[in-house]
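Pasting a structure below so you can have a look.
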Amino acid sequence: MIGPSRVAELDMPAAGIETGAARPAQSYWNESWERLRANRIGIAAGLLIVLFALIAIMAPLFSFALTHYQPQTINLDETFIRPGLRHLLGTDELGRDTLTRLIWGARVSLGVAFLTVAMSLSVGTTVGMVAGYYGGWTDDVLMRLVDTVLAIPAIFLFILMSILFRPNAFTLAAIVASVGWGSVARLVRGEVLSVKQRDFILATRSIGARDARLMVRHLLPNVLPVLIVAASLGVGQIILIEAALDFLGLGIQPPTPSWGNMLTNAQSYFFRSGFLVAFPGLTIFVTVLASNIFGNAVRDAFDPRLKS
Amino acid sequence: MSRDEDADSGFQRFERFLDEWSRRDFLKRTGGAAAYLTFIAGGAEFLEACAGGGGTQSATPKKGGHVVEGNFTDIRTLNSMLSSDTASNQVIGLMFDGLLNYKKNGDLVPALAQDLPKASSDGLTYTFKLRNGLKWSDGRALTSDDVKFTYQLAYDPKYADVSSPRRGDLSKYIKSIDTPDPQTVVITTTQVYAPFLASHGLYGILPKHVLGSLDSKAINSADFNTAPSVTNGAFKFVKWDKGQQVTMERNPNYWAGASYLDQWIYKVLPDSVAVTNQLKTGEIDIGPVDPGQFDALKTVDSVAMSEFPVPTFTFYAYNLNPATAAGKIFQDKAVRQALLFALNRQQIVTAIFFGHGSVANSVEPPTSWAYKDKPKVLYSFDKAKAESLLDGAGWVKGSDGIRAKGGVKLKFTMITNAGNKQRESMLQVMQQSWHDIGVEATPSLIQFPQLVSQIVSIRTFDMFLVGFNWSADPDEAPLYHSRNAVPGGFNGADFKSDQVDQILDQALSTLDKNKRKDLYSQFQDLMSDEVPSPVILFNNGIYGVGKRVQGTDFGPFNQFGQRPWNHATWVTDGK
Amino acid sequence: MTQPLLEVQDLHTVFSTKDGLVKAVDGVSFELNPGETLGIVGESGCGKSVTALSIMRLQRPGRIVGGKVMFKGQDMTRISEYEMREIRGREIAMIFQDPMTSLNPVYRVGWQVAEPTRLHHGWDAKRALASAVNMLGRVGIPSAAARARDYPHQFSGGMRQRVMIAMGLTTTPQVLIADEPTTALDVTIQAQILDLLRHVNREFGTATILITHNLGVVAGMCQRLMVMYAGKIVEAGPTADVFANPKHPYTWSLLRSIPRLDAERHEPLKPIEGLPPNLVDLPNGCAFHPRCVFRVERCQRDVPSLLQVGDTQRAACWVTQAGTELKGA
Amino acid sequence: MLAKYVARRFFASIVVVLGVTLITLVLMDRTRGTYVPGIDLNPALRPEDIARLRADLGLDRPFYLWYLTWIWGVVHGDFGRSMIDGSTVMSHILDRLPNTLELTGTAIIIGIIVSVPLGVIGALRRGSKTDHSLTVVSVAGFAVPQFWMGLMLILIFSVTLEQHGLPWLPSSGAFSAFAGGDILDRIQHLALPATVLSFFYMSTWSRFIRSSMLEVLSQDYIRTARAKGMSERRVVYLHGLRNALIPLITLIGLELPGLVSGGLVVEVVFGWPGIGKLAFERALQYDYTTVMGVTFFATLLVIAGNLLADLLYGVLDPRIRYG
């Protein structure tokens, strides 16, 4: 790309001069993918997330082969051990192996993040598409519902929902998603409203395509870029939200480790062992940083509004 | 870091009052001394108790300056008859004196009263004589009418709409209050009730000339509750910045002499880490210290640490209601005893409370004069004994390693409140310790309100873990008497023993302290055998006090509301 | 011959792209005389707009890598940015293709039209606005005083282009560069705007460079004409002569590809064969040769320079330079 | 036109307010169990005390009756009294809201002051090293848990500095416990929490302004402005920035509803007496009246925030019409 003015000129349709066929345009997806691949740092960040996810999935293997400890096994004779050979990253106030807990904590923290994204996107997309597509009173009812959900102070929802459903990875994801789906719905609805007006939708409609088919086959692909961007930016944010909820005592409850509750837990022992604060803090930082970088890369590559 | 301190207010502090304090002899001395002291203390003793303070200083007190006391619990009300939480009581105690007060070992001393009251021979009537020349901070005389009015709020049917948490007891026990003259108060009780003075003699006295004209409902919402215009304690109210601090200043009319300090400020902090940090920076002068933070402060030159046992214990309770699944398991005494034998409680005290607390042998705290050091059954850590008890009772290990009897597996869930680190840790230690003897116990953390609901009414739990904070009287009926197993009572474990009921009732209606001591001794023996809700440890209280502050004297019964030395506190730099 | 007002000498402007260097303007030379209207014609991407932008030094992200732009005795490619700013909008004004997007949507029209005089003449807001309103009236905007308070989106396309023109004229510049001023407009509006430009040229005596891909526009407007292809001028000369007797096959093809009212009835329109050139990878020799019906062997080898062909025209073509007449196939 | 638009939004708002408060109440009612707000495990309490206090608070009635009573009060401007401390809910909100506004407002201002230049520089030097490092910094600022950053700042700027006898910043509250409250004192107390909170804004907004600015700078009217002979600064800040900031206004307007939850973690870490901390504490204690009052006001803020953002958008962007 060589700058806006240049592009404008090159792309200009020639009214009086037949320019012949333009160079074949790459499809939007190929182009986006190419742009993403060109972003080395973004790809590296993405791979790091994948790596962490793999570690999380294989956590039992790691505690069997690498650390030789279980995440919840306590040993009150070996509390606050500094990092060393026996415990690579040391132990916490109950003598549990920090590395093992970090690995198992990845299951929870990343699991919650991915699950939350999946849930809020699927619910939000469905609601947003239905509202945007049908319009009228369906739209009104659904959007007032969205307004309502978005207007309840999130903290009340978090507190009360966490009491209603004891937080484990699944319910916590559901709790966070119960706040998150609303904005997705708004986003998707907006996108659908603009796509709906385009000729091809009207054409498809006129040949009598069923609504469901139309939404899935024609609207969804158009909304997809927005969703991809939202998803990749969402993961990091949800890890932070999860950590904040742990800090407020509304997240994953001990003894199940999550990065957030490990970090929260360690705060009171900061004076005893800085490592306890450092390792989970660093893990969260690196993960969120990576997913934000990846998310930004994805946005730069996929966001149709940033094209050109 | 605990996040629900506000929800948990009174409770939460236990965990901080940790212990270890391997000075077992100190505990004994306190307990023993308390036991042998006579019930009646003289004025001379009172002076000794309140004038000097902790003995850390020898210099002459200076007038002027201020103290900032930090705590991580917000207060709710400044009306002594509406308050039910320790934080509020603590601030109320700075501004309002009651008829009586505690010495730090829990002995009663006179405050607004001249002497401890004389009880009538039938034990039903207490006659208080007020000190001469008592004045409110506005200069009006404080009379027996004020005292009567204060108690009326909680017992007189005329004030039935006042939302006082004291009404249950007071309306039951007070028959009438007479004021034959402005300095005399005669309280007649409906029945002999031994803890009456220790439990109900300390409420801050309220000014009738301010509140007397209001009806019940208006008292609930009076401005006085948030901004008391008139006080009778060491300090006067200045302002309350909600969520932040309460500022108080010297009350020149205080009966024990005007405070050295110009101001006392109660500041609300986010959590125990903040208390530690701000003790270090000097943003606060006084604050309760978490056992986990003790070492961080011990090395700080500018802060002196004060540690002492408190009438608080942390215990777990079995659900004994035979109608529940858990009740069927825990009805078996062998199970209850075996589980306790399987816990290495010394290790819990050492590792989780960093030694700031002591393993409990009895259900009475060692701060009590009724404390029995060695009740009938002692439970030292003995895994083999635990296993043989279970084997003997017919609980045998299945193929999955979990014991079962008659098809019922020895598995249950343990609940406590989320956000309380020490309790969370204890559940995990219990889970692992019991797993080692073939018992599957699953920890589950719930919010404090839900825990309270479980304990006082819903009662679908298998086992809960909490702390309890006692007054100076050894009565423990709220937890162990069957009449408190009704909804709303704290005997959520549904412990029902006719023998225990009888002993507790008898002890309540006995005024003779030695007789009571015998009864409570029997009670402790019985409980050590039954172990319906074993006490894991007795907590310690730790206060960090900036060295510029002199004249404080924290002790088991002088931490929150009761501090006879408030007015005698001073600061070396006069700032 | 009077002294030229603006003289472009061997101008080279390049763009770096990830595919390579693009020579958007490749050795363009021409002059503009006072009061004259010069047309620059070419298809998309031929470099005509970049030429105009390079004159204004607004070619970013492209770079001017060679040549001179002489204006009032100084080389505009060498003066400081500050001096350049003094020329932009004051001595040389420029209007753009799309009036819908060329006005700032968040400022009132009057404010925007007044901006150049405030900036360059240091007029206060009131005086500048009065002059702006006056100018808006002169470019044919009805009730100009009221409309000056409107925002761009409240104007139609044609009206906006009038606003653009007014904005360019407030400082009475000596040169007006109009880059495709009518392309984005309806046909009827196009005619009105062209009328306006003609009028401006006459009334203000402003020399005008009119850039367009539309030969029809040039025909009615310009005394002289330059045709650009792939960054180079391939033919230049008086408009009438070029139209009557093109000396470059590209011009010839262009003329045959547009419908003409005066054309013989049965003459079919002939589109130009082949694709527009890829600027990153130009063919050897004459850039037009792959599409040229007259090409000879030499065209594939050597680059022709712009030389006098005939009395009034110049062309860069081996064929016509050799004396061959271009006759329709 | 505008009036009609506002009116339509107003009626939609009533639906939302009713929905929000009802959902909040139902959730509280479903989860409360038999807990009576303000009750601890205090051995001095008798079963009859607990029953009586429950009745005093109206919690022995079904939630819909409680709701109707509450709505009736609200319609008459009475939000009731806190179930925990007996103060009026209104007084709580009026006490806390200014503190939250002070904190959030400062953070937003810091956020704007920092993020706008960062975003503009990033856009102007797109692809340069400066741009890349700014991107990394802003992304990194958003990758640290707020509570962790807060505690670290306290350890560094409060505890450590003080221990070394250097000037230090207070770590909690809105003013000094003793003789505090003047402007300087408040600014000192604001410094740490506002910094932590502003990181969030800085990170998101600088990215946002960068892309918004990039988009604007590619617009034709920027070229027009340059062609008019304006200095680059005037082009960027007068013609570019104003357009680029319009979407930011919406973003800021949408922060308004976040007042309750947005600064919560920071308020908790720094003991800042704001509305978020109040809401958090009181929700945990089932202080129905306070929670409902905060919910009500928070919903109004959401509605007002959306409306304000839209109206501001209209003021700043003349293209927007209301229909």
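Order of writing sets the labels: A, B, C and D. Residues in every chain begin at 1.
Rule of thumb we're sticking to: contacts are C-beta pairs under 8 Å (C-beta built on N, C-alpha and C of every residue); 3 or more make two chains touch, one makes a residue touch a chain.
Keep in mind that this is a model prediction, so the values were computed, not measured.
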Field: Chain at the geometric heart of the assembly (C-alpha centres)
entry: D
Task: If we define chain centres by averaging CA atoms, which chain lands farthest from chain C? Would you check?
output: B
Most heavily contacting chain pair (counted by C-beta pairs in contact): B-D
Field: Centre-of-Cα separation between chain C and chain A, whole angstrom
entry: 50
Message: On a C-alpha centroid basis, what's the spacing between chain A and chain D, in Å?
response: 23
- line: Rounded to the nearest Å, the gap separating the Cα centres of chain B and chain C is 91
Where chain B touches two or more other chains at once, by residue number: 3-4, 273, 447, 450
Task: Could you check chain D for residues that touch two or more other chains and list them?
output: 31, 151, 155, 220, 223, 268, 284
Message: At least two partner chains per residue is the criterion; list those residues in chain C.
response: 58, 97
- prompt: Which residues of chain A touch chain B in their complex?
  reply: 72-74, 76, 79, 93-95, 159, 162-163, 166, 247-249, 253-255, 264-265, 267-272
Statement: As the complex stands, chain A meets chain D at residues 4-5, 8, 144-145, 147-148, 150-157, 159-161, 163-164, 236, 240, 243-244, 247-248, 260, 263-264, 267, 270, 277, 281, 284-285, 288-289, 292-293, 296, 305-306, 308
Query: In their complex, what parts of chain D are in touch with chain C?
result: 219-221, 223-232, 234, 239, 242-243, 246, 316-319
Query: Any idea which chain B residues touch chain D in the complex?
result: 3-4, 6-11, 66, 68, 74-77, 82, 84-85, 161, 163, 165-169, 172, 199, 220-221, 225-226, 241-245, 247, 263, 265, 267-270, 273-274, 277-278, 280-284, 447-450, 452-458, 466-471, 476, 478-479, 484, 486-490
Field: chain C residues within the chain D interface of the complex
entry: 56, 58, 81, 84-90, 93-94, 96-98, 101-107, 115-116, 119-120, 151, 153, 164, 167
